[in-house]
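So that you can tell them apart, the chains are marked A, B, C and D in the order they are listed, and the count of residues begins at 1 in each.
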Amino acid sequence: MSLISAINKPLKGIVPPMVTPLNDDGSLDSASVKKLIEHLISGGVHGIFILGTTGEFSGLSYQTRRNLITQTCKQVAGRVPVLVGITDVSIEESIALAEFSVKAGAYATVVAPPFYNNIDQEELTRYYLELADEISIPLFLYNMPSHTKLTIELDTVIKLSSHERIIGLKDSSANAVYFQSLCHAFRDQPNFVLMVGPEEMMAETVLLGGYGGVCGGANLFPKLYVELYEAAVARDFEKIKSCQNIVMEISRNIYQVGQYKSSYMKGLKTSLSFMGLCQDTFAKPLSPFSESEIQQLQSRYDDVVSSLSVSA
Amino acid sequence: MSLISAINKPLKGIVPPMVTPLNDDGSLDSASVKKLIEHLISGGVHGIFILGTTGEFSGLSYQTRRNLITQTCKQVAGRVPVLVGITDVSIEESIALAEFSVKAGAYATVVAPPFYNNIDQEELTRYYLELADEISIPLFLYNMPSHTKLTIELDTVIKLSSHERIIGLKDSSANAVYFQSLCHAFRDQPNFVLMVGPEEMMAETVLLGGYGGVCGGANLFPKLYVELYEAAVARDFEKIKSCQNIVMEISRNIYQVGQYKSSYMKGLKTSLSFMGLCQDTFAKPLSPFSESEIQQLQSRYDDVVSSLSVSA
Amino acid sequence: MSLISAINKPLKGIVPPMVTPLNDDGSLDSASVKKLIEHLISGGVHGIFILGTTGEFSGLSYQTRRNLITQTCKQVAGRVPVLVGITDVSIEESIALAEFSVKAGAYATVVAPPFYNNIDQEELTRYYLELADEISIPLFLYNMPSHTKLTIELDTVIKLSSHERIIGLKDSSANAVYFQSLCHAFRDQPNFVLMVGPEEMMAETVLLGGYGGVCGGANLFPKLYVELYEAAVARDFEKIKSCQNIVMEISRNIYQVGQYKSSYMKGLKTSLSFMGLCQDTFAKPLSPFSESEIQQLQSRYDDVVSSLSVSA
Amino acid sequence: MSLISAINKPLKGIVPPMVTPLNDDGSLDSASVKKLIEHLISGGVHGIFILGTTGEFSGLSYQTRRNLITQTCKQVAGRVPVLVGITDVSIEESIALAEFSVKAGAYATVVAPPFYNNIDQEELTRYYLELADEISIPLFLYNMPSHTKLTIELDTVIKLSSHERIIGLKDSSANAVYFQSLCHAFRDQPNFVLMVGPEEMMAETVLLGGYGGVCGGANLFPKLYVELYEAAVARDFEKIKSCQNIVMEISRNIYQVGQYKSSYMKGLKTSLSFMGLCQDTFAKPLSPFSESEIQQLQSRYDDVVSSLSVSA
């Protein structure tokens, strides 16, 4: 069975942090969830990560989170591994989500540090070890200092990696020195998976030892990111250059409308609505673009789609 | 009834952010909750604030939070107003806690900004207005930038204050310029309550227009903080000096054992355990002091208690 | 002689951080320096601090700094103590400025931490001790974390205070907990001077043990700040309230035109130009307000002046 | 002449940020300057950058800076381009250093933002344009947010690049998304030079469009970094892997002795002293390692040298 085989080798490739389609009343837009999952799988992605930052996990009720876990695992049906974000400030709620994910058939969980209290590396280490002890599903560390106010330091990662259920790390810091330090420290442990969040740096990290990317833009254009990943693996620099160019156009144009701290999230989800893959409805505290911002984004989105056609 | 009258005038005085007594398994230590509440009320506090940062709200399961709301309101039985922290990253969970608090008989809610996503003031304003619209209980804003990564700016507070259910703000920034700006902006709106978190600055803000303090140390020595507050109101500088001196001794000695970012929380709860008012059990990710740290704290605690006796 | 007597008792009161009047070519506007100094002294200030942050020290050439030191000491002629900012990233340049200040007749120097490299408290301690050893003039520590990226921690201040030439600290952090910690730690050392920078919190700190303020607004209205200081010393709360109210109006209106990080500096110097006390010429990288911003400021400035007349 | 030809094509390769050898009294250790320069040039570096952060520019007196500029240009004698850091908080002092550098025969200047005042992008833009207007030598922008508290944002770089004397940027942010954004924005302007500071990420950026690195470790082992650069240009992944591995060993072992914020600087300069290339004397506020730290570093240094021999 595909799930078993997935567990027996380290995860590699493109694992989109899936956007969470929502209805106006905040409930899950199940029809869009289905469409979006099929869109991703048909694009060749190597896994699907739900309830991450891009999945707006923090703004969702627990009921909505559970609904999404259930539906995603059922819809994916073992075709690719499903990773579930269970980041929470309460370890009990994280454990409950983990156990729910096990029953739903998820492959692994992804956990950023508890993000309210300011804590030290020692406390963080103890927290992760205790969480890993309490759950019965693999766990990826999730480094996200811009949101959690602390970095999972290299020495902490090394300590945590000795736990049998801690199998890798997703780094969203954009800090290339940090990521290279990880690649170096784990150079002889090929089963410890090291992926980056920011899609702009995915190719270069794969060239230098990374395992792939949790690329938000892969919600929109999964094939593009899979191609870029494969080009990096194959060291096909002509292909890398053409794909990277479009990835950077997406970054520059889709993710930077308005001066919002959430421009990335707004641009991504609104573009997905242009494709008919979800509504431009956000979990609080985020809110939709204004009408003029939508028009600006539509025009930029059309340009990106044109580049893609030319390139393809 | 006392509750109604409390609602008819602005809240003033000492409103301790109550520590949450826990058992080793993470469940609520109900016997200690009862003892602690009686300790606070017999000390003359003007209100009790549960599920704040000092109440370790973020580390508690929702079930534990609801248990604490129920027990506190029942035990307090209208003797002082009960304020309930409903801060959360999901507005739906905040609303659910607010409605639960209404039914339990709470006086008001206290809400810090959603603390995972990085957002702008406009989004923050919309968030608070929507939350205030959805609940049926008064709401205090809670400025806590060290934990939430953003300040509720003065202009945002002014906008929000026009909502009938937004009745005040607790400021834990320690920034005296910010707090004086609030006092000045609301100088002609005596019903908008402005309190500070850090006990070290409570007296000086009351002298200059503040309404009181949400003082963590009042869990230990409620009378001391009530006396300091009353001395500030009465402009009794001799009394202010002697009380402030002990408050600063507490700050210097009880809250600074170890080099933890959580030394305040550990010192406070462990000292309460010396008094038999709770166990030194913490919600994750915090953990108890080591044996030698406990001994160091015990010695410092004894000194503070001696100063108190001399002063009394 | 007044200078000797000033040295024999701790400095207290209002010590304006004097703005540096400049000509368009960046040279010192000596005529305005003269006028400004007389304006300050006739306003009753207790000292003058040149080459601080408000004095734009960092943007001035060393020649201009020396010219200002010479002219100020000569013009003041011992009527009040002159404090000279010698903050620099190079200790050799700081020492040279200190020795120049001694010869010019300055009372003391004021030194913020070296602000380029990121350093630890131990390195900072060694730095200050070495500097104090090398100079022959008293030194005030200057805590300014928003500009220097580090706080002079309480324990560091305590260690440094044992040096005979380190005689006090100016705190511009706006953190009332930090300042109260200093007041408490030095409660039995009345010769160690503790002043705050932000004028909005000056009165409350004087009420609770502070020695006065290095108030930028005192460039404009020295009498107002002297009155507020004296009212705080005298615990005249009616007077405190009326003066504090105008100080807050200045803060709200004069220092917040535009959305610049330098709005305080631009508003202050431009208002001084309305009074004919200097030109609205700034050291790089700051630049003058636009025409419309100047008009907006003029209107606000006129309102503040009206409040002052009514109050007087 | 080599200088002319260097100017006619964009700078590429390894440009070490040269350490500044100092005597105990803070003066320039000229004998070591000579040795170090010959060590670098014989290692094949493509340029030498003096008075950067690694060159401890901020801690040096202006006289020492000028002495270093003069000696370096004379000693290098046109064999490679000399870049001079003229970063300062006073634009007049920067201009003076630039003109001094021109006369000494430097190739270009390197300028980080003025680092005391907090400023906006618009003010920063105006600052750089005015500086570039006033000097007669090319200028590299220097992005160093950890030290200067602000990022030179992409749009600012784009605006500045239209000035004829602004010819490139050195990025020390370690932010791979930022650097890829630069590479993308300037993909059709091959004369605008984009280099990274952190050596750990040099290879991956060269693979994806970067021009080379300002690698601190190249002070120690210039050949290693030149080989890594050339391997990246040649896309020789076996060579990249072996060189990158040693670079990461250096990063992990040489730069992380002690828990200092300045561990990089201390480890680098002290290791150079092991080689006899300079003394372990630092500009204030930095100070030498303790004896035990030196022993720990020596042992690690020996290991690194062994790896290098094996690899060679």
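Here is the rule we use: a residue touches a chain if its C-beta (ideal position, glycine included) is under 8 Å from a C-beta of that chain, and two chains touch if they have at least 3 such contacts.
Computed from a predicted model, the values in this text were never measured in an experiment.
Note on connectivity: the fewest steps through touching chains from chain B to chain D is 2. Greatest Cα centroid separation from chain C: this falls to A.
Look at where the CA atoms of chain C average out and do the same for chain D: the two points lie 36 Å apart. Between the CA-based centres of chain A and chain C the separation comes to 50 Å, rounded to the whole angstrom.
Among the residues of chain A, none is in touch with two or more other chains. Contacts between chains, counted with the stated touch criterion, involve the pairs A-B, A-D, B-C, C-D.
The touching residues of chain C, counted against chain B in their complex, run 174-181, 184-185, 187, 198, 200-201, 203-205, 207-208, 235, 237, 240, 244-245, 248-249, 251-252. Residues 26, 53, 58-62, 64, 89-93, 113-120, 123-124, 126-127, 130, 146-147, 149, 260-262, 265, 283-287 of chain D are the ones that touch chain C when the two sit in their complex.
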